[in-house]
Amino acid sequence: MATVEEKAEPGKKGVSNEVLRGFFREMLLIRRFEEKVEERFRAGELPGFLHVAIGQEAVATGVCSALALEDVFASTHRAHGHAIAKGTPVEKIMAELYGKAEGCSGGYGGSMHLYDLKVGNLGANAVVAGGLPAIVGAALAFQMRGEKRVAVAFFGDGATNTGTFHESLNLAQLWKVPAIFVLENNGWAESTPAEQQLPLPVEELGKRAAAFGMKLIEADGQDVEAVYLAALAARDHALAGKGPVLLHVRTFRLTGHYVGDPQVYRDRDALKQERKTKDPLTLLGARLELSDDDFAAIDAEVTAEVEASVEFAKAGTDPKPEDALKYVYA
Amino acid sequence: MPELTYREAVRDALAHALRQDESVFVMGEDIAEMGGSMAVTQGLLEEFGPQRIRNTPISEMAIVGSGIGAAIQGMRPVVEIMYEDFLTLSMEQLVNQAAKHRTMSGGQVKVPLTIRTQGGAGWSPGAQHAQQLEAWFVHVPGLKVVFPSTPEDVRGLLWSSIYDDNPVVFFEHRTLYPIKGEVPAELVPIPLGKARIHREGEDVTVVATGRLVHEALQAAEAAESEGISVEVVDPRTLLPLDEETILGSVRKTTRCVTAHEAVVRGGFGSELAAVIQHGAFDWLDAPIERVGAKFAPLPFAPAMEQWVVPHAADVLEAIRRTVARS
Amino acid sequence: MASEVKLPRLGQGMESGTIVRWLKAEGEEVSKGDPLYELDTDKVTQEVEAETTGVLLKIVIADGEVEVGTTVGVIGAQDEDVSELLLTAQGGNGGSPEREVVEATAEKTPAQPESVEIAASVEASSSGRVKASPLARRMARERGVDMAALKGTGPDGRIIAEDVEDAAAHDAVADMPAAPAQPPSSEVEVVELTSTRRTIARRLTEAWEAPVFQLSVTADASELVATRERLVELMREGETKPTVNDVLTRVVASALVRHRPVNAHFVDGKIMRHTGANVGIAVAAPSGLVVPVIHDADRKTVQQIATARADLVARARDGKLRLPDLEGGTFTISNLGMYGMEQFVAVLNPPQVAILAVGSIEDRPAARDGQLVIAPTMTMTLSCDHRAIDGSEGAEFLRTVKAFVESPALAL
């Protein structure tokens, strides 16, 4: 049995600059959103936990842009980028973080439980790898009903150590369901670096697909075009009935695990270096040859959108305490 | 009225649902060709094919989890967990995911999943194949818990569980599979959350579940000859609980015994006792007695196994304690 | 060194007592052996002596029901600071919340303040709790039964519902309040039938004040029933059909004239015994219970009694009784047998000194000539006013009634 590795090479397939500019805008929107969220959290306005995906925007945009509206996905605790990229309005996400009734989960979920069924967001999950089995189930349902839809699971390198990961990929491959397992490998499981939690070299984590006989597609997670093309290929593979795909993208978390994380465990210089050389926005901006004015224009737009979302959220309605009992049972 | 065994009744409910509804499918370990370790799903593969009667690998987390995913997409999966001891392996998906999706999503998601499992002592299955864990799940908001004790009840309740839009943990008992009972000629759905009074009485109410319903009925017969009139109530659904029927009975008799095969400490009888003392405090003429297994992992040797789990004699003793005089 | 005055156990089985009053005041000097306070127990009231010499610094509990072992006072040296001692004492007693509970519950049930108070203080004290089931407690509250006086028959001596029921039955006002019966003197108290209920209530209270005891006996009613049947056979055209009760009335009347102490009134501290038996029959009339009287029942035939009875009952049901119908009763028979009541206790019908409560005739196992048979039996309970009748007198009368019931011929 042979597992073919495909590396999407930038420029080799036709993604127009126009499309790439659209990607850029979205990635910058995600970036400004995450920065704003950090800022508001530090100001004490946001309850609960927050995990931002600064540095990983290309993965969110690249993958979600390759999906159709009727495709579904489940995310992790670091879900804001995926939610925005799949199409939930920024203001509904901000409102959810503020715990308002206008939030995409009605104030019931918070940052780690963003749901939006209308655009196929089946929920972010606070349990590492917790969302994977349900994605297998969703893909199974599509298969049984003959629907041309894929189910996508986002997870990190830390999740590949869990039993859930193994059971889910095992079962998905066994039944050849149309699922895409997106491994966002940023080399960190909270504060634990790759060497301390992965028995394989971090760059080779994609080899885990071989254990299941599953198709592996890899891409540079900081190159949005590469991610996008890889995701398209994965989708095609799954929809052709050839089975699920492990989409391994190597990416970089340019902030701490959670907002407020002092990252005492991280090498300061290495982080500085990563920030300089691995920022997907910087990389894409350079590729598109965006001028400072272009950048400023886009930045002004997305910043306004983000700030409007904060106003929207702050003006939102607090759920009634007794509403806690409303959705326990269908 | 026709008769079915408890096992046949489960199968009958499954077959009915599979026949009339494409969205229903069954998955679990060894359920297809082998027809299940308890022979419950025998014959279903022939009628419904391998897409809808699916064998799975030994992956309780993934089995339950994929059931959740399919249910969210609008199907009605019935997942079989071979022994309820193995529910422990799927707890993360059941408790953290299935039970919570609807609330976390602000009502966007429904999880119409049914998890069928079986357990209980008898014929020395050993400590890891004989537990009764229903009390754990009663403690999880978002789940429903059903534990029928007769063929008629198991058929009607399994149907209703499949068609309930919430995740239902459906407990069967291994020693009940062969028992025969009268069932209506046509499948009659039994609503979740309604208790059944098996026997009316005046002096003591015994609230029993699973195998202990039958032990309680035996004990009630014996008590009758001692001049004690016993009422036997089976909640059938543990969550949601039919408090009205149970409290009504205890207010009538003024004494209560709870009986289940599960361990006494922290067992469902504890929840019952709390509900009853609160709702019928001024009607209680004696402390509530709890009957259940002794606090030990189930030993292998038959003599020890029999001693650990409760029987009719234990229920009778408890009944006597409630009416005792000094 | 201050010492606590604790309620002593003065007898085996004594759980509590009632402090009636203190014989020394706070601040007064006390010598060992001086009478300190008066204590009422089940059996007797007695003085409790001081066990130490000193000054009675504090009276912790001034009066009321107290459990054995409770601190009721403190004796010590003049001006000694006993605040800490008092704290632990009150902690042991259940402290001041006791009084609050007592007040609150007293407010809620003004009709029965005494028993509620007692029940509450008994419950609130944390030492020496009365063990009773929740059901028994509620019943005791509702019926005004003093639980502290009960002996529990439940496990560990717990008081259970049955114990409260038995106690309530003894103390209880039976649901047979008597209508006014007039003393056979020239002073006649006219009572309007329209105020029946008010009167019944008043008389209920009067009856409550009498020290009553009850005697019960179960009689084989076979002969009584047989006699009645023979009388029915011998009936003539147009005559009223006699009932078993009519036969009973006749034999009771005979018994009354043989036991005149029971055929009496207790009025103004005097016992007035009558020669003839005027037997009142309790009847449920639309306006309430009335007791029309069959005069000289001892000199009437059963047939005559039947006729009189039927007429009175009919007029009672039509609300057409006249004063002479209600006057002059010397004894009352109350029968709830037709409602299936096997046994009950009737309330005295003042100023009559006794009343007989008759239960239903039921087939029960009985011994006859050493053989076990099923016989129709009837339980009769005689309530007696102890001011006028002693136990032996009541018992002799009731023994005669039983003998007459079992052999009506003896009553001739």
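By letter and in written order, the chains are A, B and C; residue numbering begins at 1 in each of them.
The definition used in the following text is that contacts are C-beta pairs under 8 Å (C-beta built on N, C-alpha and C of every residue); 3 or more make two chains touch, one makes a residue touch a chain.
Nothing here was measured: the structure is a model prediction, and the numbers come from that model.
Of all chains shown, the one whose average CA position lies nearest the global CA mean is B. Using the mean of the Cα atoms as each chain's centre, the chain most removed from subunit B is C.
A straight line joining the Cα centres of subunit A and subunit B is 41 Å long. Mean C-alpha position of subunit B lies 53 Å from that of subunit C. Between the Cα centres of subunit A and subunit C there is a gap of 84 Å. Every residue of subunit C that touches subunit B in the complex is listed here, in rising order: 133-138, 152-158, 160-161. Put simply, subunit B touches subunit C in their complex at residues 254, 281-286, 321, 324-326. Taken in their complex, subunit A has these residues touching subunit B: 72, 103-109, 113, 115-117, 122-123, 125-127, 130-142, 144-145, 151, 163-164, 167-168, 170-171, 174, 326-330. On the subunit B side of its complex with subunit A, the touching residues are 25, 51, 56-57, 59-75, 77, 92-93, 96-97, 101-112, 141-142, 144, 164-166.
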